[in-house]
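In the two assemblies presented below, chain A is common to both, partnered first by chain B and then by chain C.
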Partner chain A sequence: MKESKNTGVYICSGCNIGDAIDTDKLQSIAIEYPSVKQCQVHPVLCSPEAYLKLNDEINEQQLDSLIIAGCSPRHAPDSLKFSEVHSESVNLREGVAWVMEAGHEDTQAAAEDYLRMGIARTAASGLPEPYIPDAPESDILVLGGGITGIHSALEGARAGYSVVLVEKEDKLGGRLNNMHDIIPASGSKQTNLKFFLEEKLEELDASTLITVHKNTSLESIEGEPGKFLAKLKNGKGASECKVGSVILANGWKPYDPAKLTNLGYTDHKNIITQVELETMQKEDRILRPSDGNVPSTIVFIQCAGSRDKDHLPYCSNVCCLTSLKQVSYIRQKYPESRIFIIYKDIRTPGKNEHIYREVQKDNHVFFTKGRVDRIEKLENDSLRMIVEDNLLGETISIRADLVVAATGMEPNQSDDLHLLYRKGEGLPDRKYGFPDSHFICFPYETQRTGIYAAGAVRTPQGIQACMEDAGGAVVKAIQCIESTKRGEAVHPRSGDKSYPDLYMQRCTDCKRCTEECPFGSYDETEKGTPLPNPARCRRCGICMGSCPERIINFDNYSIHAISSMIKSIPIPDEFEEKPRVLAFVCENDAYPAFDLAALHRHRISPWLRIIPVRCIGSINKIWLSDALSAGYDGILQIGCKPGEDYQCHFITGSELMKTRSENIQETLQTMMLEPERIETVFLEIDEYHRIPEIIDDYMETIEDIGPNPFKDM
Partner chain B sequence: MDKKSVLIIGGGISGITAAVEAAEAGCKVYLIEKRPYLGGQVARMNEYFPKLCPPYCGLEINFKRIRNSSRIEVITSAEVENLSGTAGDFTIELRLEPEYVNSSCTVCGDCSAVCPVEAKDSFNFGMSMHKAIDLPHELSYPNRFYLDDLVCQKESCKKCEEACNYDAINLEAAPGKRKIKVGSVLFCTGWEPYDPTNLKEYSWGESPDILNNVMMERVGAPNGPTSGKILKPSDGEPARKIAFVQCAGSRDENHLPYCSAVCCSASLKQAIYFTEQDPENRADIFYIDLRVSGRNEDFLKRVEENQQIRLIKGKASEVSLLEGSPVIEAEDILSGRKIREQYDMVVLATGVVPCIPGLKGIELDPDGFIAKDALENGLSAGGCCFEPKDVASSVRESTGLVINALQ
Partner chain C sequence: MIEISPDIAFIEKLQGATGSQLTTCMQCGACTASCSLSEDQDVFPRKQMIMAAWGMRDRLMADPHVWTCHQCGDCSVSCPRGVKPGEILAALRQEQIVHYSKPAFLARWMQKPAFFPAAILFPAAIIILILSLAGTFSIPEGPVDYSEFFSHAWLNGSFTALFVLSTIGAVIGLRRFTRNVFTQRTVQKTNPDKPDQGQSPQAPQPALRGILTVLGRIMSHRDFNSCDEQKSRSVTHFLVFWGFILLLFVTFFAILSTIFFEYPLSILNPIKIAGNLGAMMLLAGSSFMILNRLRKRDQSNYADWFFLLSFWLLTFSGMLVEGARFHEWSFAYHLYFFHLVMVWIIILYYPYTKFAHFLYRTVAMIITRSGRQAG
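Entry: the complex of A and B
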């Protein structure tokens, strides 16, 4: 870390800051600090003239750090970004001038406190020196040689990256090998599967950048982005490959129809699955398994397993379309056939509606909204379906020669990765076995850095979507490789060069960092000591928050730096009746919410002091006891929503804060303090209108319980 | 020109996603948006389904990534006039709206405070008023004020120009032009709701209490015209009973022959946040099929278990007015019963219509979307350009399309 010893403090008086705050007073406070070499007030710090001046002064005064005291760091323009020196923001505009009464002594006190905090933090921080693994690798490993894997390999190679493709079977193509044709993709006419697959395999063969390992199992993966070591095994023996990132494309399996007891799949020969029908179609004939005759009445049962809380609670997305595709084939091949489709809802989103409409026109195809109650065996192995017809409101019976169960898609296990990680072999599954961590906004992200899931293992989807997924996963894999080479973090703190540094001499092997890191960054040595893998790290600081020995720190975000901020300000004694509340505010959503409140000039109590944190999971207990010992009357921890629909950018950070609160209450008890002294608030970014009320309510609580007895001690 | 450079047309969620993902993978990116701010339709939404989380959350993180990236240039209030060249060497000519407010704007608000002109706020579909110079919305990127050319009195007023301490306003600004050369082009030009005036049977325009689903998002949004309280636009009284009319235009050969893919989930979401506002609130959803995708199924389950929401299988045949309040006629197919009911508000789940620029190299399919197979090499398209998509699918797909720019 480059330390900060020569700091320049630049205070902006524009945007009403100068009207609300005595900036000259701030200047006189700043220059008293030995680390501050220079302090100036500028009327418009974001102007081009100010930029030139600042740039000159950095060089002339040999400044190693800057404090920009003006608007919120979220608003600061490009002209105030200096990458070669450490820089901190003091938010005088959204944090003070816009939300507090102009000219009031409490407003001035808030501004002075924030400046002191900024100076204290800067003195304890520096420009981070990045972590770059030795000779990072650029190759991509793809696990799974189905359509997603094949397409991933092709896309990676087309972008100039070497790809290692591992498939456990003796040929590539996966489930496509047993399929007859493709559902016409929206806007695309290519449905000839044979041609489609052959074309891809030819390109694969011709590429010099792709190495294919068939009949090969992936034994293990160890290491970190840029430095993964994969061990492979096949009939000829074991081999190794070094890669920068990994794509998991091990696909799906049909839901086991034997589990659908109401259908009696194992009892009846003439019940088959959609996948089995597809295999028959590939032979270009549909025959009853019992006698090899052509069936004349075929019944399709949709949602056989899907949309069912006892089986697959989700919709498998492709079964409606697949059945319609298969029905079209059968009707063309066997013009005398009659077909019933028993469904809950026919789901053909987008332009697929045209496919549905075509089938609806066929008067040999009957759509029945309902549910199969039971299936009885008739002579000849034919079947009688007893169906509750929702539209007619009665139970109907259909005689079927063949029944096709549209069983849904189940993701294969991500444990196939065999990660030699302390936290497990696979990707943590967030819901129903799917491994993606933010499926609306950032669908390719998982909780294992540098490992991206694509295709049907990520979410139930068809061929077209799987190929798009392949492209997306390759983009993410390339990003990770390139970011690792620069020593930068990937999503969500893309570009961050800081990383956690551990002072191992004081480590007690308590393993909390190992346990609590949402990304499995920490392994363990044989002796059980945490073994950090910085390239796996997303820089959230949750490990820093978890460490009871306080040995985990970032160059620009450390236990010491935040503690210094807490201790840097004067706390009024109880007779002044000016309480102080410290708020740790998550910089992802809550801090922007404070900015938005300021944009509306909502009034916020001048007794509040905010410290932005990377995640509320990064709050270390020592900061709480430091604050209470220093005499703050209360502490708020404001972060993103936890729970099933979590909004935490680091997945489990705010959830952890919920579980850590027991420890926190213990701290309060040992200090003989009321439980209300520390409260956690979960705030969504658009709830900024609630902020003044949240703060005021808490101030009332503090007033009720009275001042912190540690004041003046 | 950087070989790995891409110009993205459209700054909605698809375009923004493609821009940050491409830049972080090493591309030089130009992100072009015709509106004065990024975010497109998503910026106006109250919540995403199925998590019921605010779109501002995802936008904030993406804007942060744009701010921190030296590889992205965002050009707002700009439209592509011409596109020429071939893969690896495209030239794009842009028409730039006059830059009345420049990057010196600090969002201090002094201009808006003195502006004498009030106009209907298009961000809220005219359901509220704003000043002729105003912030488009709180999180707008770039974060600067915007002058509405159509209503500003310009030279005859000049109050804002005089009030600005930062030389950020220039009322004499002229339109501009710009030429950019890139290796590839990505269309993410988005969608607009189907025009409900075509739906004669639904009495569009006859009562302010008949809305479409994008307007409903503003009505529910905390930063919307009613600060998130769902009130009847006609009299400002709380709405207690709302009907959602599904497939208002979609799956109808006289209107949109395709399924718009998002309207079912959107109405489920709106019914949830409406009924959460008050235990007395009631919502009816008239549908043909309930189409929610994949893991959103439990979202449907949640609605099925909600006692305040009724799911009625049957297409609404008519929306009329009785003493000013909307009345729906429909057949409940499952019970065979005819329904005629009065509501405080009716929300038409109007479908998705693609916004496709008329440029060289683009052919349309019969539904009006870009014909995928006909796209020239070096051009690609995401979001709702090929077919209607929800946010999750758009983000997934546009990230995938970035690979084209890296090859």
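Entry: the complex of A and C
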């Protein structure tokens, strides 16, 4: 860390800041600090003149750190970012001027406090020195040679990266090899597979950047992004490859139809799955398994085990379309056949609706919503379907020669990665057992940095979507490689050069950091001492929040720096009846929500002091006791929504805070303090309108319980 | 429980009759949602659409609900798949009439243009036969007096006989219809899975109140008026309906007059005035119906046109016949003969053309109402 000794403070008076706050007074406060070498007020700090001026002053005054007191750090212009100088923001615009009464003494006090906090933080922070692994690798490892893997390899190679493609079978193509045609079926002898498989395999063969390992299993992966070491094994022996990032594309498996006891899959010979029917079509023999006769009435059961809480609770996205495709096979082959489709809802996303409509036009195809209650065996191994909850309003029975169960897709095990990580060899399962970390905000990202899931292992999807996935995952893999080379965080704090630095002499091997890191950054020695892998780190600071010894710190975000901020401001004594509430606000969604509230000019209590944190999970307990000792009357911890539809950018931060809050409440009781002194709030970004109410309610609570007894001690 | 065995020929027939790709119905229920006549218990016409798409002919033939529809077209406009449920229901109604009619050949005559000559020549030949028997099959001399051509006794006698005969046909058809409806209803209710519902093998006796309600609805055109899409249909039907009823009464009094009083009546006679008013209502209403069809606001097929045009020609020729009498037109008797043929066509074929809707719909409405009260 390059320490901050010569700080320049620049106060912007534009955007109503000058109207609401006495900026000259701020200037006189700043200049009193010994670390502050320079302090100036500027009417428009984001102007080109201001940039030139700052640039000159950094050189003339040998400034090593800057404090920009103006707008929210989220809005601070790029022109005020100087790569060689540590920089902090003091939020006078959204934090004070726009949300508090102009010219009021409390408003002025808030502005002065924020400036003091900024100066204190800067003094305890510095320009981070990045962690860059020795000779980082640029190759991409793709696990799985199906359509997603093939397309990932091609996309990687097209972007100029070398790709190692590992397939356990003797042939690339995965499940496409067992398919007759893709959706929509071409309807002619020349199926669409040519474009989706054969042409890609030709391009793959021609590429010099792609190395294909067939008949090969991945034995293990160790290391971190930029420095992964993958061990491969095939019939000829073991080999190793060094790669920068990994794409997991090991695909899916059909849901086990034997589990569908209401259909009696194991009891009846003439019930098959879509996968089996596809193979039959590929071999050109769609016949009854029991006697080899041509089936005249075929029933498709959609959602066989899908959207069913006892089996697969989700929709697999392609089964409806697959059935429609297979109907077209059968109708083409057997013009006299009759086909029934029993569905929960026909789901044909996007333009695929046209496929549904085309199949419907066939007078021999009958659709109904319904639920197959049971299947009865008739003579000659034919079957009778008893269908309830259909649209006729009474039980119907359909005699079938052949029944096709549309079973859903299950992801293959991510354990196939065989990660030599302390936190397990696979990826942590998220919703429904898929390893994706957040499908809206962070598609392809898994909970292991540098490893990206694509295709049906990420989420159930069809071939076209798998190819899109492949492209997206490759871009992510490249971003990871390039960011790691620069020593920057990949995501979501893209470009952050800081990383957790452990002062190992004081480590007690308590394993809190290794346990709580959502991303498996920490391995450990046999003794249990943590072994950090900074390139796996997402810089959330959850380990910093967890460490009871407070030995985990970032160059620009440390326990000491935040503690100094807390202690840097004067707390009015109780007789003034001006409580002080400290709010730790998550930078990801809650802090932007405060900015939005300011944009709407919502009024926020001037007795609140906000400290932005990287994640609500990064709040260390010492900050809470520091704040209470300093005399703050209450503490708010505001973070993203936890739970099933969590919005925590670091996945488990909010969950962790829920657990830690319980412990904190106990501590409060031992300190003879009211539990209301520390409150946790979960806020979604679009709930900015709730903020004034949340703050006011809390202020009332504090008023009710009275001042902090530690005040003035 | 119902065994599903689709009648694909029936699906194709409905498609042919309506030009609707009815199997592309995705059972979304927009038709039911937009229908002002559908009630909670009926799921109408969505359910009929499923049965049609599944070729469930037997069920549909025994379904009185197809008569609930007054073909306003709201459903066809709101259908996202453009499968025109209103027209499917119209085709089903026509199909029911054909299905239940006895003798069946008369119903078939109404369906295809190939039988058009037979359908016209048959009544013409019978009238010629009757006139020949009466010995008056020639153009009389002197001022126009239609009774010279067709004596009132022969006219009243033969037309009453014809009306009785065709009404017997209508009653047979209706009886077959109601029987089938109640049999199916019993089958549906006797569900082994839900035994508590299978209790009424006998047809529920329609309550008098139910009948009166239905007649009230018909006379006021309340169901027609609830339509959004084609308000004008209600007006035209109202004119035709009340014009026709007026003329029925007038005809009744005219027959009485021919027997007990003087005939023809004076132009200022209230009965005569009512007759002329009725004829004008009928002519106006049916002319608008024809115009609406020509403007393609209403879909129609041969059977529909046959009925509507013969009705219009009946009215128009009747008015000409009256005019011919006052103005002593030389071709008055030719017009009169033509008019008589049209009268025969209407009376002879009424249980087999779209005209039968007044019977089937009334009975079906009573059945569905009473079923609802019983249920």
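As a convention for this text, the second predicted complex is superposed on the first by the 702 of 713 C-alpha atoms of A that agree within 3 Å, B and C clash if a C-alpha of one lies under 4 Å from a C-alpha of the other, contacts with A are read in each partner's own complex, and residues count from 1 in each chain.
The criterion applied here is as follows: a contact is a pair of C-beta atoms (placed from the backbone, for glycine too) under 8 Å apart; a residue touches a chain by one contact, two chains touch by 3 or more.
What you are looking at is a predicted structure, and each value in this text was computed from that prediction instead of being measured.
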Partners on chain A (chain B, chain C) - clash or fit: clash
Chain B versus chain C as contact partner of A:Gly235, first or second or both or neither: neither
Partner chain in contact with A:Phe367 - chain B first, chain C second, else both or neither: second
First, second, both or neither for A:Ile346, with chain B first and chain C second: both
Chain B versus chain C as contact partner of A:Thr459, first or second or both or neither: first
More chain A residues in contact [chain B versus chain C]: B
First, second, both or neither for A:Pro335, with chain B first and chain C second: neither
First (chain B), second (chain C), both or neither touched by A:Asn588: first
Which superposed partner A:Pro34 touches (first chain B, second chain C, both, neither): neither
Partner chain in contact with A:Ile396 - chain B first, chain C second, else both or neither: second
Chain B/chain C common contact set on chain A: 346, 357, 369, 391, 393
Sites on chain A touched by chain C in the complex: 338, 340, 346, 356-357, 360-369, 386, 391-399
Chain C to chain A touching residues, read off their complex: 1-6, 8, 11-12, 15, 21, 23-27, 43, 46-47, 50-51, 53-55, 81, 188, 191, 193
Touch list for chain A against partner chain B, complex: 14-16, 44, 46-47, 71, 74-75, 77, 155, 158-160, 185-189, 306-307, 309, 313-317, 345-354, 357, 369, 390-391, 393, 431-432, 434, 439-444, 459-461, 465, 467-472, 474-476, 478-479, 482-483, 490-492, 494-495, 588-589, 592, 596, 599-600, 640-641, 645, 647, 649, 684-689
Chain B residues touching chain A - in the complex, by the definition given at the top: 20-22, 24-26, 48, 50-54, 56-58, 60-62, 64-65, 67-69, 103-104, 106-108, 135, 138-139, 143, 165-166, 221-223, 227, 251, 257-261, 289-298, 301, 313, 333-336, 365, 367, 369-373, 386-389, 391-393, 395-397, 399-404, 406-407
